[in-house]
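As written, the chains take the letters A, B, C, D and E, and residue 1 is the first residue of each chain.
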Amino acid sequence: MQQTRELPRFTVIEYDENHFLETETNEVEDCLIFRDRPYMIWINVDCPRQVYSLEKLGACYGLHPLVLEDILTDQRPKVEDYEDYIFIVLKMLYYEEAEDDDEIGDFNIDMDQVSIIFGKNFIISFKEKDVDIFRPLRERLRTSKGRIRKQGADYLAYSMIDSIVDHYFVIMEKLGDRFEELEDSVVSNPEPGILPAIYNLKRDMLFLRKSVWPLREAISRMQRMDSHLISETTRIYLRDVYDHTIQVIENIETFRDMSASLLETYLSSLSNKLNEVIKLLTIISTIFIPLTFLSGLYGMNFTHMPELEHPYGYPAVLVLMLLVVAVMLAYFYRKKWI
Amino acid sequence: MQQTRELPRFTVIEYDENHFLETETNEVEDCLIFRDRPYMIWINVDCPRQVYSLEKLGACYGLHPLVLEDILTDQRPKVEDYEDYIFIVLKMLYYEEAEDDDEIGDFNIDMDQVSIIFGKNFIISFKEKDVDIFRPLRERLRTSKGRIRKQGADYLAYSMIDSIVDHYFVIMEKLGDRFEELEDSVVSNPEPGILPAIYNLKRDMLFLRKSVWPLREAISRMQRMDSHLISETTRIYLRDVYDHTIQVIENIETFRDMSASLLETYLSSLSNKLNEVIKLLTIISTIFIPLTFLSGLYGMNFTHMPELEHPYGYPAVLVLMLLVVAVMLAYFYRKKWI
Amino acid sequence: MQQTRELPRFTVIEYDENHFLETETNEVEDCLIFRDRPYMIWINVDCPRQVYSLEKLGACYGLHPLVLEDILTDQRPKVEDYEDYIFIVLKMLYYEEAEDDDEIGDFNIDMDQVSIIFGKNFIISFKEKDVDIFRPLRERLRTSKGRIRKQGADYLAYSMIDSIVDHYFVIMEKLGDRFEELEDSVVSNPEPGILPAIYNLKRDMLFLRKSVWPLREAISRMQRMDSHLISETTRIYLRDVYDHTIQVIENIETFRDMSASLLETYLSSLSNKLNEVIKLLTIISTIFIPLTFLSGLYGMNFTHMPELEHPYGYPAVLVLMLLVVAVMLAYFYRKKWI
Amino acid sequence: MQQTRELPRFTVIEYDENHFLETETNEVEDCLIFRDRPYMIWINVDCPRQVYSLEKLGACYGLHPLVLEDILTDQRPKVEDYEDYIFIVLKMLYYEEAEDDDEIGDFNIDMDQVSIIFGKNFIISFKEKDVDIFRPLRERLRTSKGRIRKQGADYLAYSMIDSIVDHYFVIMEKLGDRFEELEDSVVSNPEPGILPAIYNLKRDMLFLRKSVWPLREAISRMQRMDSHLISETTRIYLRDVYDHTIQVIENIETFRDMSASLLETYLSSLSNKLNEVIKLLTIISTIFIPLTFLSGLYGMNFTHMPELEHPYGYPAVLVLMLLVVAVMLAYFYRKKWI
Amino acid sequence: MQQTRELPRFTVIEYDENHFLETETNEVEDCLIFRDRPYMIWINVDCPRQVYSLEKLGACYGLHPLVLEDILTDQRPKVEDYEDYIFIVLKMLYYEEAEDDDEIGDFNIDMDQVSIIFGKNFIISFKEKDVDIFRPLRERLRTSKGRIRKQGADYLAYSMIDSIVDHYFVIMEKLGDRFEELEDSVVSNPEPGILPAIYNLKRDMLFLRKSVWPLREAISRMQRMDSHLISETTRIYLRDVYDHTIQVIENIETFRDMSASLLETYLSSLSNKLNEVIKLLTIISTIFIPLTFLSGLYGMNFTHMPELEHPYGYPAVLVLMLLVVAVMLAYFYRKKWI
């Protein structure tokens, strides 16, 4: 479980094709001075739940009060156009290895809300957890002098979205592995522990789904957005990341379909097992109950029971019993029960 | 259970940036005099089922007969544009702690129809229950000299909708708690009482759903409405409250999906339990029925049964019985039943 | 069951704001004379399955052959614009108290096809059953000198639709009552008779649904219709009746959802009952089968069974039996079966 | 089963308001000579799987190679506009009485692909089976001098579609009859043979559905088609046949819903039956197993069993047994099992 | 399982109406020289996972970096318009006979991603597996001097898509065969092995579905694409292949519906079998358990049991037993259990 920091941390990167400056600070005031310099600026805010610094940033970059409110509260993925800037909300997902995988209570996908605001020459990103998901991106900015530095804020925003969507595939794969495990054991060994595991998996998928569906819609809207802030080049890249969200969604829907089938298969396996058990009970009962009756019959204490005195009485009964068994077995054999 | 008053009560607030006047009355005539004064006016009517005062208000503000009819009857949430004013119907939901939570009969979400009519410089709200849901709003009007007083009737209408939608999240949370309780007990302890509880929960969700789905549609239409009564600023706020309704809807749909899974899991748990019970029955029966037959066999009273006189007859039978038990146990062990 | 008349009956009302004339006749020729008089005319035809009079009317009012065919055959609700007139088909539903409510065969919603044709200054309505559903409307026309008489044929058509849709709520309520009855007994007393009752209810709902869904669509089309025959005023009233159909539809869909849940709940109740029965069987069997074996063991007739002669043999066996019972009961108690 | 002919057969009808000429031939060359004469011409081709004559016709009337290919292969219903002519594919359905109705293997709806091509003054129809489905139409052409002869090729095409769609209602009715039969026996007598019958019915409905859904779409497109080949008059008739397909579709969807309910009801009936059987087993077992134990107890051969010598021992045990029975019966009675 | 080659292989065909040249090479440089010659050129690349040659090709034909990335990674079927060229991704499916058909683990549909890029006078196709799916196409190019050589790159692209979609019908047919096999055995012989087979089939269908749904969408978009690269003639052919994808989709959906029914039927068959088994158990038990009790009763060792000494005691008991049996059989017969 990632820890949530008490104080916000600001990572500021100022760059253009030839310039690169990186600073880290805990004071919002240190960020504001970059406002009007002739470079692209990227401010990343970790743990932005401090209202004071948010308001400072908002005032400096002219953000709408609703945007600040949305950053602080739980939102579904969306893209909003405020003319001077575009506001994006996304969900970063982490997969955590649970200690005990079979219990229904463990919920091993962790979520982080990432908010991105970008305007003509600035981009501000907010995330709540202290996990450095943008490190590869920062690395690319720092080392490459090429494409990414030449492009505008919209391309950087795309890169952020892309790295988050790429991470969904990792989650998908983990879920796929768990799914296959279940698949194997459902038919071969349908034990009760599978039930909460299927339930758990379904819940995780719904969780994933709730993050991806609105994201798809948001990226689609962003792609068609009538805004000067998004260049034609970036739109082509957005189409690509849109395709990725569709791929994730299709996989989830397939998993959903399959997990419904899985549960049905599990239920059928249970029925099969039950049938087997009851068949055994029936076979044993229908063979021995008549025999027990026969033996009970000749265990009666009537004084006048001629069979009892007959010298072949006992063998005759034994033969009769064997006959009963043989008939029963033949019956079961014909019914394919044995 | 909130009581429904016999007589309507009118709360009239007259305000602008610098002026604030609040009156309360039971006579509709007292409200009409505010009609043409140069301030914003908000008339709140509690329990409007008195046709007389409704018609007075309607005549004074030029309301369509269908609007008056809709206020008096049960409507689904909607927004209608009558050029001079906009008519909104919403459902306020209250959650009531039921005394006995497991019974199928208790229906612990209570509903109140709220109707809002706003024009250029007036807003009239109607609600049936005597619960003062607009108190925080009135408070904000009274104290703040700022934004809310400067904005028009559309912003006040938005604030009303917003406070009602915010309350849905409270209901959602309560339902979520009940859901988690059920979730815990379904697998660990699938007792019959869970059944009506799941059913009850589903019904409550359908109830909530019926209020939120049309509301979403209504707000969306209001946002895109071609009316001079809704300012651009307010449209942005409406987009925000629209997002909230979507969030509520998504949560409900997730709950629906999960509660279907829950029922399936419960049914599977039942099947598992049944299998377990029948396995026990089968184990006991298949072990003891053959033994009982054997003992019955040597309880027969034939005069010629050589085994009976044999000195090792009894121990031999006992050994035979132990053998049968051992074979059976081995069989069950291999089948993983014990 | 309403009887279908042999001969058509024509009720002709001629009116304007100051004029009102009502005639009843069995001859179609009597109706045709009203064609070109300067009043609104409403001809109501009961049981129009007489081709001759239909064709007369059709020729007089210039109706398309397909319209005449549609009046005579079973149609789904629809609205069609023929420029000079508008053709509407609706379904009137009646609820009939069935004598034996639980049987699957009784189908207690009865249906009547109502066709309405209205032009500039005439309206012709056709219905098959001899139930006077338009009596309240005729009453309003006769008594009121006001609104309804001033409005055109479109408003009269709206009033007809409205009175039919209003009747759907009556049907809905009846179905709701039946539903609640079932709901109560499903959990408390899940007897087999509930099964056909649920099935029957579902069928009735599908029946109702088949009438309302296309009606909604038809009214919506009528509302947006580009026809000079429908005034702006009437369009507002149509929006109102449209809202009513939506309300009916939403209620039906909720019932559908709930009745699926109901069946699932019923099936779960059955499973619960089965589990209970089988538990009892298992408890009795697992307690008494070992005891029976024990008693059978000492009922064997071997000559050399030392326990039999032992003075404490009998009490020892009794104690052993008690022990077995105690162990079993403890086991069941721990399993929470008893 | 209709036989598929080896050789194609051409029925050529040449007509206008005053002229009527009907020829039948096996040679495609005989048809081509009618190409440029000043009459409407209708060529009907039975069993067109002879590529040679198709190509001749295609060359003569300027048909696209894909059209010829589509006529020869299995297509879904569709309408395609090739400017000079319109190409329609439909499915004619025949209902065949199966000899053994309950077996899952019998599939008693038979299908025939009908292709129609009509241009300015010609119409060509193709069908594979040798069933004369257009006989009534030919009859109307031959006898009536009126409407149908005056109208163009589009009206004739409409008449063909109409006669095929009308036949769907016959199929619907047959399926409805089978459905009602099943409905009756599901609750009264849920025997295993119903299972494949329901399955079979579902399959037939899916079959029907696959023919009607795309047809609906096709007719709707044809109605809105921007082609000079379809007159305004015919469009009104197409709207009528469109309504018929909707009616068929709605009936199918209702059947689908009902047959799902039917299966659920059947499964519930099975569960009910199972419960009943197991209740009987449990009642018998729980009554007699304790009694058997008691009798076994006093069948033991211990030498010291004081009860055995007591003069009232036997009657006392009998009374005890009666008591056990009474208690058990009372228990079952209170549980409402008996 | 097709092997994936290590090195890419390039098959280059240069052609126009009168010219035809075919080369095969492993070096990308050999392909680039054809760039500006006045013929149509088709480069087919097998196993393109070598980044180096892809980049060479990309530079030569001006391909977007995202296109190259998409060729190398797993994509869903799509069509993208890059003005100078159109980029198509498809899935080729192969059916592999599995050695053991019933196991859940075998997944016998194999997939190959085919990417097609075509511009004004070039077409480049990429596929990963070394299966020569375009051989018939190459053959047609080589032999025919006619249509296919005269048409542009768009027609060749259509031919590729067509040959891939045609192959889907083969897969469909194989799945249909497997489905019918299952159908036969579900009712006649519902053994547990069917369960994983149904599950497996469902999974294969979902797999097929995931390839065809987006393909349909892609072809539809291609058909309506506003690009000079696609001629009117080709659009008609695309409409045809679009119809084929719809046909595949409809078949899949029908299979899905049917396989859900199949599973339900299987579950019902299981229930029927269970009922049958339990009926047998109940019949045997309810007949013999009372008899056994009776015989146990007269096996008791009380000294005072008058019946035992009575000369007709034994026959009387036998008669009593027969009576019990007769009553029971009559009961079962009336219940239609035997």
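The rule is simple: contacts are C-beta pairs under 8 Å (C-beta built on N, C-alpha and C of every residue); 3 or more make two chains touch, one makes a residue touch a chain.
In UniProt terms, the chains line up like this: A, B, C, D, E = Magnesium transport protein CorA.
Keep in mind that this is a model prediction, so the values were computed, not measured.
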Which chains sit in contact with both members of the pair chain A and chain D?
E
Taking shared residue numbers divided by all residue numbers at the interface, is the value for chain B and chain C over half (same) or under half (different)?
different
In steps of 5 degrees, what rotation angle do you get fitting chain D onto chain E on the CA atoms?
70
Chain centres from averaged Cα atoms put chain A and chain E apart, in whole Å, by 26
Starting from the mean Cα coordinates of chain B and chain D, work out the distance between those two points in Å.
42
If you look at chain B, which of its residues touch at least two other chains?
267, 271, 274, 278, 281, 285, 289, 292, 296, 299-301, 305
Chain contact graph, described as a line, ring, star, complete graph or other shape
ring
Ring membership in sequence, chain C leading and chain D after it, reads C, D, E, A, B
Going by the contact rule set out above, which residues of chain B touch chain A in the complex?
183-184, 187, 236-237, 239-240, 243, 246-247, 250, 254, 257-258, 261-262, 264-265, 267-269, 271-272, 274-275, 278-279, 281-282, 285-286, 289-290, 292-293, 296-297, 299-305, 337
Spell out the residues on chain C that touch chain D in their complex, using ranges where they run on.
64, 66, 69-70, 75-76, 78, 80, 104-105, 192, 195-196, 198-199, 202-203, 206, 210, 214, 263, 266-267, 270-271, 273-274, 277-278, 280-281, 284-285, 288-289, 291-292, 295-296, 298-301, 305, 307-309, 311, 313-314, 317
